[in-house]
Every structure is written in C-alpha cells, then in structure tokens.
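Chain lettering (A, B, C, D, E and F) follows the sequence in which the chains are written, and residue indices restart at 1 in each chain.
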Amino acid sequence: MTSSVIIEQLKREKILELLSQGKRIDGRELHDQRSLSIETGVIPKANGSARVKLGDTEVVTGVKIQPDKPFPDLGDKGILICTAEILPLADPKAEPGPPGEEVIELARVVDRGIRETEMLDLKQLVLIKDKSVIGIFVDSSVLNTDGNLFDACSYAAVAAILSCTVPKYEIKDDAPVLVEGVTSKPPIKTTPVSVTMARIGDHIIVDPTADEEACMNARITITTNSDGNICALQKGGSDGFTIEQLIKCSEIALSVGTKIRKQLEQLM
Amino acid sequence: MTSSVIIEQLKREKILELLSQGKRIDGRELHDQRSLSIETGVIPKANGSARVKLGDTEVVTGVKIQPDKPFPDLGDKGILICTAEILPLADPKAEPGPPGEEVIELARVVDRGIRETEMLDLKQLVLIKDKSVIGIFVDSSVLNTDGNLFDACSYAAVAAILSCTVPKYEIKDDAPVLVEGVTSKPPIKTTPVSVTMARIGDHIIVDPTADEEACMNARITITTNSDGNICALQKGGSDGFTIEQLIKCSEIALSVGTKIRKQLEQLM
Amino acid sequence: MTSSVIIEQLKREKILELLSQGKRIDGRELHDQRSLSIETGVIPKANGSARVKLGDTEVVTGVKIQPDKPFPDLGDKGILICTAEILPLADPKAEPGPPGEEVIELARVVDRGIRETEMLDLKQLVLIKDKSVIGIFVDSSVLNTDGNLFDACSYAAVAAILSCTVPKYEIKDDAPVLVEGVTSKPPIKTTPVSVTMARIGDHIIVDPTADEEACMNARITITTNSDGNICALQKGGSDGFTIEQLIKCSEIALSVGTKIRKQLEQLM
Amino acid sequence: MTQLMNENGIRCDGRRIDQIRNVSIKVGVLKNADGSAYIEFGKNKILAGVFGPRDVHPKHMADQDSGILRCRYHMSPFSVTERKNPAPSRREIEISKVIKEALQSAVILKDFPRTVVDVFIEILQADGGSRCAALDAASVALVDAGIPMRDMVSACAAGKVADKIVLDVNDEEDKEGQADMPVAYMPNLGKITLMQLDGILTPDEYKKCLETAIGGCKQVYEIQKKALMEKYFKNGEA
Amino acid sequence: MTQLMNENGIRCDGRRIDQIRNVSIKVGVLKNADGSAYIEFGKNKILAGVFGPRDVHPKHMADQDSGILRCRYHMSPFSVTERKNPAPSRREIEISKVIKEALQSAVILKDFPRTVVDVFIEILQADGGSRCAALDAASVALVDAGIPMRDMVSACAAGKVADKIVLDVNDEEDKEGQADMPVAYMPNLGKITLMQLDGILTPDEYKKCLETAIGGCKQVYEIQKKALMEKYFKNGEA
Amino acid sequence: MTQLMNENGIRCDGRRIDQIRNVSIKVGVLKNADGSAYIEFGKNKILAGVFGPRDVHPKHMADQDSGILRCRYHMSPFSVTERKNPAPSRREIEISKVIKEALQSAVILKDFPRTVVDVFIEILQADGGSRCAALDAASVALVDAGIPMRDMVSACAAGKVADKIVLDVNDEEDKEGQADMPVAYMPNLGKITLMQLDGILTPDEYKKCLETAIGGCKQVYEIQKKALMEKYFKNGEA
C-alpha cells in the first residue's frame, strides 16, 4: 500500500509540474480529447448498442425498446430512461450493490444530456394516448474506468440510440402487438455531445484521465446540440470556477463537440 | 462525553428528588401539560397542515388528499394513512434511513388514535365503490424533539385534518377528474385527543420531557373521543403499571383531554 | 468456544474413521435415510399443509391457493411459487433478514424439483386465459436444522401439495369470485422425490446430518418422478464428483426414492 | 355478518363471555434452541425459541453493564387467510417491540453483560389474540432456556363484543367486535407490562375490560406452570 | 397553459425579469441542532440543521487529516402537489451531492480530523429553485453552528422564459419555461461552486444567464448577512 | 414453435447433435482487472474479471487460514429479450453460488490467508448455456490473474432435444427442448464440479447426457488453452 501511495503522490506532482508548462502527462494538448473509438451493433439482441473506448475508459450501452405505460400526466409522450452502472470488473474500487451517489449522478447527467437537447421526439412514440407508448431504455455499463465516465457513457448512449431500430407495434384489443420484421429509424432531432473538463489550478483540461481527476479542483460537463446551443451542464468537485472560466469552458465544449458530433453522426 | 454523562446523571437525580416532593424540574404540576401552540395552514400547497409546539417538541403535519384505489375488501371506504418521521435535524441521535421500531410505533399509535376513534367517516370518501376512493395521507415530520412525540404528532395530525379542505372529483370515463375550485369540509365525526403519561417510581406525570423520559419506568398513551370514551391505548417502556395506576391514567387522560379538545376544535 | 471447537474436531475424526469401516456415527447404513414422519393438515387455515421430521430436521409447509394474474407469455398456465425460509429459531446461526445464497438455493431447488417433474398440471389452473389464473404458493419454514434441508423441505412441499384442496372460483364481471364450500383435488401428474447424498472421501452417503455435512466434500440432490426418470439435479459443495459417482448417485436416488414415494402417496 | 353472541350470552364459538379458548402449551419442542415452547391458543399455533445469553452482533448494540433482550414476532406466509408477504410488516415490527417491553422487566440479565437473549416467535397459524399467545409461549421458552426471571409473564386479551365485555377475543370477534384489549401481566408482582386498546369503551367498560383481561392472564398462568411442570417434574412429582 | 410573461415584461407572479422573489431567513430556529436556519424563498419553505463537528459513524468514513462534510436534501411527503414517497429519490440523492460539493470549499474542516459536519435539509414546501434556497439556508446554518468558513455560499437560479433571460425561476416558469440554471456563488472569493443547466441556450444567452444568476446570488448574500445580524447583533448593532 | 431438429439430425442452428457452437476466448481484455477474459460462446457474450488476492471487506468474512473466493454472475439489462431489471435476481444469486463452488476446488488459496479473490462475471448478451460459458471465461481469467490452480475448469451443457441427447443446448433448444444439463469439469483431475439438470431423462439418457457434456467440456478445454497460449506464448512459441 505505502509504495503505491508514494507513486500516486509522485504522479500528482508530475501532472502539476507539466501543467505549469502547459503540458499533460500523456502528451496531449490541454484541450485535446483522447482517441475515441465507437463500434455499434455489438449486442445484436438489443435494438441498438455501442461499445465506446475513450482512451482506456470503456463502456457498452444497449438500447431496449418495448411497449410501456406512459408516465402520469405525460400520456402524449414515449418513455426514455437512461441508466448507468460501473461494473465491479471495471475498477478495483467499484463494488456490487445499489448505486452510490457518484453513479446516480453519472446516470442522471447522461440522461439529462439526451433529454434536455430533445434528441428524441418522444411525441412520435405514442401508441394509444394516455394508455400505451413506446419505452426506450438506454442502459450503460462501464467496463473499464480511466476517468471521464460522463463523456464515455454519453457517447455510448448517443451512439446506441443513433444506431437503433424501432420495432413496429399494432394495436389489437387495446394492447400493443409486435409486427415481426418491420422496423423504423428512431425519431432523432439533434445529436447531443457532452464535453467534460477539469480545472487543475488555473488550467482547464479536456477529457481528464483518472490520474488527472485525482488532482482536479473542480469538474464541468457541458452538453451542446447540433445547432451550437448549450443544453445541459453539470458542475462537480469540491471547488469552484470563476465566471471567466465557465465562459471559456462553454467555448471549448462547443468546439470540441463539433468534432465528436461528426464522428457520431457517421453512425446513422 | 464524560462531563455530559455526569450532567445527565445529576439531572436524573434532581428529577427524582423533586418528584418525591411532588414537583417537576420545569415547575409544572404532575398532571400539567407544557404550553401547546397550534398553527394551521402552514403548508399552503397541502390540503391541510399544522405546526405544533408542545414545549420544545415541534412537529409539522401535512395532509394530502388524492384519488386512490381502495384496499381489497374495503371497497366501501376511503383510505386513511398516517405516517410519522423524526427528521435527522430534529435530534442529534436521529439518523437518516428506514424507520426504526420507535418511529414505526410512533406512526402506528398516531394512526390508531385517529382510526379507532373513527374521527373521519371514511364511508363518505368513496367515488366508485370497489374502484376509486379518496385517499387521505397524513404525514407528520418531527422538527425538534423534547419528549412526548406521541401527543405532539397526534395533535398536529388531528389539527391538520380538522383544518383541511377536501377537493371535489367527478367521474369521467370511469376515472376521477378534479373539479377546480370546489372543496368541502372533511367528514369529521369526533375529535380524538391523546394524552401520554410516564410513570416514574410511583408518580404518574403528564407530558414527559426528554429528560423525564430518560428517568421513566413505563409510559402510557390514552386516546379519548369527544364523548368521553377511551378509544386507543398503548403502553410502552420496560416496566409495568398496576391496575390502579392504569385506572388513574384513564381518568387523567379524560380530564386533560377535555382541555386540549377545546383548543383543537377552535381550528375547525 | 474452544472446547466446542475441539468436540467438533473429534466428531469429524470419528465420522471419517467410522466411514472407513463402512459405518455411520448414528448407526445407519451408508444409503439409509433417517426416519421420516409426515403429518398433513397441521395448518387448517391453509389449503394444504404438512409437518415433516427427517431425523431432527423439521419443516412445516403451508399451501395457499388464490386467484392471481398469470406471468406474461404464460397466460395459459396457473402460477406455482415455492419458497423456503430457515426460521431464526431453527438454528443458532440463522439470522432474521433477507435470505442469503444458501436459502435462495434451497428454495429454488425445492421449486425445480416440483416444477421440472411437472407434478402439477398448471394448464388446468386457468380461469380466464391471459387474465386470471389460480396461483399456488408453497411456503416452507424450517423449524429445526440437522442437515439435508433440501429433502426435508421437498417432502414437506410435496406432501402439502398432495394433501391440498383447490377452492372453486366463478367468473363474475371478468373477476374471479370464490364459490364457498366447493373444492377439488389438485391436478397431480406425478410424485417427485428428491434424494440428497453427500460425498465424504470416496463414500457416498444418503441423507447427511449436519455433522456429516460439516465433513462432506460435495453434495448432490437428485429428484426423480413416478416413472423412474431423473428430472432435476443440483450439485453443491466445494469439491467435485467423478462420473462413476454421479451414475451411482442416480441409481441410489431412484431406489431410495421409490420407498419415499410410497410413503408420500399414502397422503393422497 | 356473523352473529357474535346469541340471546343466552353464548359466543359464536360456543364460549361463555368469561371463558378462554382451549390452551395447550408444550415445552422444549425445538432441538437447537436453548429454550422453546409451542402453544395452541384457540386456533393460534405458535412456536417460540430462545437463544442466549450469547455474543451480540452487531457489537455496537451490546450493553457493557447488562445483557440485552431482543424479540422478533414473525408470521408465516400461510398463517393468515390471504397469503402474507414473508418480509416483516410494520405491524410485526411494532408487535415485536411491545412484546420485548412486556418481557423486559421479567428477565434478569444484569449478570450477563455484553450478551443478548434472542426471543424468536413464529406464528404458524394466526387467530385473534396472537400477540398474547406469543407472549405466553415466549415467557415459558425463557424459563425453559434457564434465563433468570422475576416473574412469569402471562397474557390474555379482553374486549367488547355485542355490547358485552368478554374474555379472550377470537378472530371473528376481533374483526367485527367493538373493542380489543390485549394485556400482559406479571401474576406475582401484579404488574401490567403490555397493554393496548383498539375500539371504543366507556370509562366503566374500560375498568371492567382490564379486570376481565387480568382474570384471563391468571388462568393462562396456571396453564404455563402446568406445562413447565410436565417437562421438568414428570407426572407432577418434584 | 399559463402565460408566463405579459407584453410589459411582467412575469406570471408579477415580478420583473430581474427581480427575485420574496426571501426571508430566520437563524437558530431548531433547539437541538448546533446551527439552523429557516428560509422562505417564494413559496419554498425549507429548514436546514447542522450537527457537528462530531464523531463519524460508520467509522471507516472518517478522514484522519480533516473533518468531512455530509449533506442530505430531503423533501417532505406533503411538500409537492402529488404526495411524495418519503424514501429518498435518485433526484434527492443527486441534489444532496451537488449541495455538498457547493459547500465543501467554503467550510474549513482541517482542524477537526476524524469528525463529520452533517447538514440536514428538509423541504417542507417546494417551489422552483428549491436547491438554491436550500443551499442559502444551509450556508447560514453552518455559520450559526460556528463552523469556520472561507466565505458564504449564496445561491440563486436564472433561466429562460418566454425567450427572455430572467432571474430566479419559479415553479410554473421551471415547468413551462425554456431553461433553468441554478448557480451557487462565493461572493467574496468570486467562485461558482454549484452550477447546473437544463434547457437550451445560445452561447450569448448562456453568458447572460450566468451573469444574471450571479447578480441574484449577490442579492441573496445581503439577505443572508442581514439574517445573521438579526440573531447575533440585535437591531443591527455590533 | 420452431422445429428443433430436421430429419437428418441437423439442429435449428445447423449443428450436428455432437457439435458445440462457435467459441472464441480473448484473454486480458480489461486494463484494471488483475485477470480477465472475454468469451463468445454461440450468441453468449460474456466478460469475466478477477481481482485479488486482496483485503476482504467486510473483515468478518475473512478466513485466518486461507484466502476465500467470491463470485458474482450478473446480467446486463440489455442482455436478454425483455429488458432485465439491473438488481440481482434470485436466479443470478443461485448461479453465482454454483459457479463459485465449481471453481473452489480448482483454486489454491491456502497461501493467501485473510484475502479474497473476487470473480466478477457480466453477461453482455445471453444465449443458452450462459453459466457454462461464464465459468469458461472465469477459469481463464483466474489463470490470467496468476491465481495458483490445480486444474482448469471447463464447462459445457448437454441436453435432450427432439428425443435426442445433444451437446451444447442453445436458447431455442433450452426453452422448447426436453432437458438441459450444464456440467463443469476439471479435465486433468476428472472431476465434475458443477452439475444441474432441468428436464426429464431416463437413467440411460442421464448417463449419455453426462458423457456428452463431458465431451463438450474437453473440447472447450482445448479452446481455453489456445486462448491462454495466444496471450502468453505468442504464435504458439514458449
């Protein structure tokens, strides 16, 4: 234990020393993301799926689409539910059991990025108003952690949705019945892209690794849509940002997001 | 810690010494309650509400009224559910999480006091027999503890019910629909009043404080109705009562209850 | 504590020493079961019940029969659910609370023994296809543990089912209504019998006691039906069996099962 | 609706108003428990098992100066008309608490610091008055376990049925009657250690009901003693 | 559907776009807590109670080098239109976390190793902006508890309603408006310690919204100070 | 209803009765785990990750004389046709137990007292025989983690389909077939460490089914060895 604590400490000092020269420990520029690979269709039994690697952070997302009852007072909309889980095999510190506050925050931030950008036109997913709608369940499982789970899960969820096919249901006797072999594309309106940044001292870095997260003062995740608007935001971490830093972060999120959006939209 | 233990010990000795002279540490007579203040309408978004201070014990109760399905085999009655919670900010010993046996007992004793006196005529709360009824949820939150939570919660619950207004529902397509702006009084049949007493040695004292509860041998809560009958009773604590003490307690509950009932009924 | 550990150790040595001479500590032959007593009708308020003593292992099973909704996609079958619980009064090591993996395995093995042999013709338990069926709940409570809970629970569950009576329901307004005073026999197709064996060294023993289970290398439970077929099997324990041992175990299960089946079928 | 009492004052199960149901208690019925008892009280069928004094888990619950008492009152899924979910209900948690408090001043645990005595009660079949019957069995099981006791705890309910105060309310009377008052009593010390009331009584009825219940407790006490005699002094001989 | 803003730029509750709702804060309202505050922020009615520094349970959560901060944001069942289940929802768990993080750099706990400061927040009645109002009360309660602090934390939301950037979004505006941005700010250190956004903003609107929210935080800060003055320096005298 | 076998003894997925599905195993696929493997077994897609030997939490589970083994078999919500609730089902808890017992006599943990080896299995996509495939991956992941082992554990099911004993039952055959018998086998020690059976077999079919399954286990063993060779002795060289 002791030796690993010392190594952690040395790593932190190195990260801070390099940052003071405008450099990062893995050679990236401050506003560079790690290499991002996206593979879709990895779970053929799901209606949509994607496996994302963002550096060494790895996520699989599966989309399940099935008829459901609408939420009360939302009878004119389909259901969208996004969850996230850090599998215990992903991280020596992850533990089986009910999700802790970090995992709940992760799932809710991924969910809001998709919901608040209005990526899916949920009004097109109604089978019988107030009684039966299509439910879209977007479940993300983190397979390996190396920082920035927010973006990795978000990209995997968006990719899985973009690549999914929606089964067709007919109404018989007031109940939905699957029409075999007929599917359609999901009703996509925009492509949300989240970009997570860390503040370490006065430096804003994009896509922090686990080592960088261990040094960060504060974190921010900003999700933008295809029109260049800002649609969802979550600040984290125990310290704060100045207003100038927050404006800079929004600019970074837009410019980095544009590149990622192109990569995601190739999946459609 | 040690010094506070010593103070607790001295306080206990003082309480016992004073009791042997027929006196209480806060100057009350043995069968006096602490000053009781009741304010209703404190939560305007609720259908009824009350904030009760019984000495330093403080409770807020809110009443929510909404359509619900009846319990099986009770299709000709509305639903009444009373809960109680000791908020973690009420007491350094209270903890967040699922309720322990003390809190469950507290909630159930408050509930029975209202249910067994038949305070509400639940038969008047049916919308469609066996299918749709009005549900009355009476949730009490303890904000500060200083003994005798039973009576404080009970008075707050009764006051919130007495002061509530019942929304009107119409049946459309077999489902209840709210009629805006029309309300009625709840179907009140009687005003239950609980009186909690502690036995310390051979003394029966009314409305024990937390310090007195720490010295008590046994506890009893007796709820009476407007007709001077005894309707619910709960003995607690690790020691017992003689039959003479129990009869005396019922007499005290009736006489103290009469005063409280007047104070409560002014709220109607 | 220490002295009881020493006694446990001596008992284990004795069991192994006797086994090497082909003997068991309680005088039984290797393939003998302990004495089995079965009493039915012990819980008159249940639709069927049985109290089983297998040596000092003791179980009560109650059967409750009531209308229920069918499982999705199984609208043409009644519901059968078997549970098991080790009551905290049964064993100093048992604890109140949600069931652990041992108890879940126990319940699932008992359930599969009844389900996989198709003891009950569930197709005869449909009231309205896809909407309303008869549910049979078979709940076993272990009252005292002395090894081989699998067989004791299984015999109690089978006996309770064999001796139960099924109430009659009529359909009124699409809902099942009990017809008082009319019952029928359950739709029994076969009588499953489970036989549990332990391997200690190279010896296969039938119906191990708790002391023998503490020495065993591996465990196997084989359930056979009235036609002499093998219908369910569960291997347990941290070591394995050879293929020859597994074939021998199946033969033992069939021959021991025949005796037990006769005893069970007398209850019908 | 059942007629709860006929014109001769005979109740729906044939009893007089001052008569308890048939009660039988068997001591030492569980091999693994340190003490145990099985009671049939009317249609109630209840097992009580006692373990301890033994180490407390979790340890922070232990009392440095005394043993502690824990109680669990639990109903089997098949014990009532509608199958009961096996998870403990709020009702079972409350009853566990009042039973524990009813036994607490009877047991003497000062000599067993840092230990616990666990009382586990299983309702195999429930009828009116199951908490009293459970207490009666638990009290006998504590004696069977050799736990030092100041007094037995004997419990019986009284109630109001068809406008009469009656002893030992059964299931139908509990559901359709006017009041139910379970009482636990230490017969030699003369103390009531459990008392609850659901239903409406005038002050006079309240007194009568309490006295009636205590009369029932005294009858139960004789049955408890007899059951212990049967185990410990076969054929009534010491 | 409510009309959220009239032709004169007046909002559905009569406010101008740059106006916060009525806010009142009372300090030291709970007898048993080490510090406490009650806030009414529009229709929000919120209690915050602080305990500590005190021993940590469970012990493995303790930090050898510093005190830790814990937060619970909880809604009463009667606080919202539809009765809320009392068990904490995922939303409440997330808000508890962001509130804790918003307070964390304000409190100085280095001198209290192995202890915890617990902040308990109860939403008695919820309106738009309840997490900001909760933070405002919690921050004052921490001061009342005597916890050393680098700065106050003052929180207020801004948002987009009827195509305008407005200060302090209320419930109707939150539900039917276009964006909601809660912000917490340390007024002397100039740091934003909580920030979230739901809804769609152009980059220019984003900047304006952020500045508007910070303006609101500064107004709240004055109210927080006044409330503390009232308790600690009666009549404004030192 | 699918026709499970044609007149030429060819199964619904084109296999002969004695043929296993395509199996591929990749070793060391997870960066953070001490050992890992990914298996595709028919349509099963399964990850296994091993951590340890490492400290046990909670501590009271530790064994003073040996390391302990823990197992979790878990299905992703998207792994099956109907979305699965992420909370572990009773079925998953039972399978976790039988997998742990199947591996227990293969691992040698005597030299690691007071530690735990955790085996985490995630079913990303489920097909018939997922517990066997999971075991095959877990066994390879244990080797990859450097845990000392007496033998590999190789698993494969056999079953009865269309009145024939067949090797390696797939999903359709499992659902509509007559019997399914998963078996795990230590190929060098000749021991069966997992065995279950659902379905009806005559004594002769039982023997044949068991032998068929063991034949499958031996085929899987070769694939497991090849996968390890590929990682540890590139191009088959030592």
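Here is the rule we use: a residue touches a chain if its C-beta (ideal position, glycine included) is under 8 Å from a C-beta of that chain, and two chains touch if they have at least 3 such contacts.
Every value quoted in this text rests on a predicted model; they were computed, and no experiment measured them.
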item	value
Chains touching both chain B and chain D, listed by label	none
Farthest chain (mean CA position) relative to chain E	C
Furthest chain, CA centroid comparison against chain D	A
Euclidean distance of C-alpha centroids - chain B vs chain E, Å	32
Rounded Å distance, chain A centre to chain C centre (Cα mean)	48
Separation of mean Cα positions, chain E and chain D [Å, integer]	52
Shared-contact residues (touching 2 or more other chains) in chain D	none
Where chain C touches two or more other chains, by residue	none
Category of the chain touch graph - line, ring, star, complete, other	ring
Ring walk, chain C to chain D and onward	C, D, B, E, A, F
Of all residues in chain E, those that touch chain B in their complex	30-33, 36, 43, 45, 47-49, 51, 54, 72, 74, 76-83, 86-88, 118, 120-122, 124-126
Complex interface listing, chain A residues touching chain F	42-46, 49, 56, 60-64, 66, 83, 85, 87-92, 96, 98, 137, 139, 141, 143-146
Contacting residues of chain D [partner chain B, same complex]	90-91, 93-94, 96-98, 101, 104-105, 181, 186, 189-203, 206-207, 210-211, 214
Touching residues on chain A, where the partner in the complex is chain E	101-102, 104-105, 107-108, 112, 116-118, 220, 225, 228-243, 246-247, 250-251, 254
